[in-house]
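Okay, structure first, notes after.
For clarity, chains are labelled A, B, C and D in written order, and residue numbers in each chain start from 1.
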Amino acid sequence: MLEDLKRQVYEANMQLPRLGLVNFTWGNVSGIDRGKGLFVIKPSGVPYEKLKPSDLVVVDLNGKVIEGDLRPSSDTPTHAVLYRHFLKVGGITHTHSPWAVSYAAAGRGIPVLNTTHADTFYGEVPVTRNLTANEIQGDYEKNTGKVIIDTFKKQHLSPAAMKAVLVNQHGPFTWGKNASESVYNAKVLEVIAEMNYHTLLLNPAIKPVSPQLLNKHYLRKHGKNAYYGQKNRLGKK
Amino acid sequence: MLEDLKRQVYEANMQLPRLGLVNFTWGNVSGIDRGKGLFVIKPSGVPYEKLKPSDLVVVDLNGKVIEGDLRPSSDTPTHAVLYRHFLKVGGITHTHSPWAVSYAAAGRGIPVLNTTHADTFYGEVPVTRNLTANEIQGDYEKNTGKVIIDTFKKQHLSPAAMKAVLVNQHGPFTWGKNASESVYNAKVLEVIAEMNYHTLLLNPAIKPVSPQLLNKHYLRKHGKNAYYGQKNRLGKK
Amino acid sequence: MLEDLKRQVYEANMQLPRLGLVNFTWGNVSGIDRGKGLFVIKPSGVPYEKLKPSDLVVVDLNGKVIEGDLRPSSDTPTHAVLYRHFLKVGGITHTHSPWAVSYAAAGRGIPVLNTTHADTFYGEVPVTRNLTANEIQGDYEKNTGKVIIDTFKKQHLSPAAMKAVLVNQHGPFTWGKNASESVYNAKVLEVIAEMNYHTLLLNPAIKPVSPQLLNKHYLRKHGKNAYYGQKNRLGKK
Amino acid sequence: MLEDLKRQVYEANMQLPRLGLVNFTWGNVSGIDRGKGLFVIKPSGVPYEKLKPSDLVVVDLNGKVIEGDLRPSSDTPTHAVLYRHFLKVGGITHTHSPWAVSYAAAGRGIPVLNTTHADTFYGEVPVTRNLTANEIQGDYEKNTGKVIIDTFKKQHLSPAAMKAVLVNQHGPFTWGKNASESVYNAKVLEVIAEMNYHTLLLNPAIKPVSPQLLNKHYLRKHGKNAYYGQKNRLGKK
């Protein structure tokens, strides 16, 4: 079942090592079929070089396995929470990419210091609060999802414009309209984290870009007035 | 039309991923035919692995498309301004290479701290002022070009000796006598930005090299008394 | 003799350059046959690209060569001490990987600042004291082993839960149930050292993760209640 | 003439890009035939991917071209000075490798902070003083050699035990018994520069290793009592 989606999610997972975003098995990508209310996710702990499309696991929005011989990613409950609350999200990526983890572990969000950031993320990439002892000892992966949702609520963020979060002391989750776009956003996040770090050390007093520059760059790539790329041309896809 | 130039500009564009200067589609190279007053530039948002020489777009010095099925780079108006004002420039490269962006985002130029820098750039690589809200909300890419021109005027810089600039909060533009040389300069800029960063952290009080050392290194590679390489030998090209 | 073990230890050694953990010949992996009381180790100074399984040297727990035409790694006495005291260890890796050495040379352990660390190492990775002049001028490599053992005793550490150490001013030793796992731990150590460094520079006042988060991540991958990966599933290996 | 030496020096030059030590043409290796008083060096500005053994240039100890169609490296007079004063040196490498340049540009030597350093360099890698305006405007490359010789004299250093130097604001020169060993030392220098940088940022108050540790590591790899590797075994080469 969901063979096309499995193929897409498989290809997206295989992008993680190619883009230098994972060591060993430390990452996972999922993609959802909103009509069926099911999503497809990488199995837990399977090395990328051995992963096959048929290894992918189909789960429902409670994270229950519907199809598949292997145990799904241990982060499946986090994906499920995000799909339940972020209704337009079609794909989710989680990695332990080193620059994003460095910020997450420092408990710092990533401010918008340059246009590369503004091209993809519409504002400072938020960092969650730490989970409480109870949240950790309880349903940990589900609570990881909840703390992300809380962060977006408290900071009045839209998952459509801010497609990334840093879970404090843990690492990044990114999303997009499908699995492939969530991987793209994971790579952009890693690149801007690296740039931000060096900028902050060069100029600790640096301020974020103006709302005008943020708008200009974000909106030339997103939304109905976007003019970057070939997609919005008349007669073009 | 301009098939030779398209081939050269195509090859120069393809050097960007090989030299580690771009992620995804975040870069573009152009080259000009001064006789015809037309330049050739990468189409917007086309992945390097799919780019073909015939995809390149021919535009005039106002950035108007003269030939090509695809939309040109969104940065085309910036290239056009540079070609109109820097009359000896034959090729231009724009990237979001991480070390150069780190400096641009910090609002800092790159001082000449070593001979590797002096071999290619005749002085501190300048950073522009920020664009104003009006400049951003108006003809943004054109105004990006204008602020570069202003920077060169105010600092009395010659584009023949200083072939790079950092646009504040954005990133680098480099140029040269043709597309290929502009890519070379983009790579040198990235390398010296990295070296400078580490030097500044090792010795925050470090001063630029002397005018004598700057002259020695720049002029042994450039101008009629250059003695580096094979080009200036009698009977050699 | 010990042909299977030689093959395993050979494969583990060859992982070092593939994982970017060694330059030149600066690393060695060993694996032990506890029944026979013999271990197999890389020969000293042999380049990885020339290494063959038959080059590996069989030594006893005093480091005496039992089989092999080549001299064993100069670090063999350190391995021997570790095998004699850490009775469940099946394989040991030593490298000069740059991030781990940077911490060792700074005389700093690596605190648990994120879950990537907690997934593999159950607490701060310890750094030994410096060896004394006498220890250096005496049986240096054996004393290197002794100072590791002392560190674990003084800090009440278990080699089953803390599978890495930084020898002060020198570099890392890691271990595991076999040679391959010791290499895995060497790579994880390098990755977390890099992440920790950037986190510490982003937030010098950062505190380690809570005991709850450490327990959660370590124990979801280790021990009888582990639920990461496919190994603990009913009917699965 | 000197065909064997040309082949060796060619191979050593080709190691520079493989070891990540050069961008473009920014490096050169030479090797000497002490009996004939001639050395072989890379031609100036020839890309590594086009370099052939027959392109190498034979020069005498004054840097005069004895054989070859191409102009020798612009750094040839520096090599000549080093060969004239460091009588046991058989090969010399010059690069602009980024970590070594970062230290050179900071005007800082590289202190011995770890055993990886002590394994190859017997003490702090020295940095020269800056060249004077006269030295720069006069016979610059020859004076670069002279300032290296002066540094060794003033600091009472032996080129047999300290096979590297940082020319202030410029970059590293390394040497060895032949061209290949000088390249090896160039790579070690780059690796230890990177490690030292991170160590200094982790612990700005860190002190160099003890003389005992320096001796132990240097002498287990060098001299008649060396016991690292296979070279000193009875019946082995």
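Going forward, contacts are C-beta pairs under 8 Å (C-beta built on N, C-alpha and C of every residue); 3 or more make two chains touch, one makes a residue touch a chain.
The structure displayed is predicted, hence computed values, not measured ones.
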Counting only C-alpha atoms to place each centre, which chain is farthest from chain D?
A
When chain B meets its copy chain D, do both sides use mostly the same residue numbers (more than half shared) or mostly different ones?
different
Euclidean distance of C-alpha centroids - chain B vs chain D, Å
33
Indicate the whole-number Å distance between the mean C-alpha point of chain A and the mean C-alpha point of chain D.
47
Multi-chain contacts in chain C: which residues touch at least two other chains?
201
Tell me the shape of the graph of touching chains, choosing from line, ring, star, complete and other.
ring
Touching pairs among all chains present in the structure:
A-B, A-C, B-D, C-D
Show me the residue ranges of chain B that touch chain D in the complex, using the header's touch definition.
113-116, 184, 187-188, 191, 194-196, 198-199, 201-203, 206, 209-210, 212-213, 216, 220, 227-231, 233
State the interface residues of chain A toward chain C in the complex, per the touch definition above.
23-26, 43-46, 70-71, 74, 96, 98-99, 101-108, 130-131, 133, 136-137, 140, 169-171, 197, 200-201
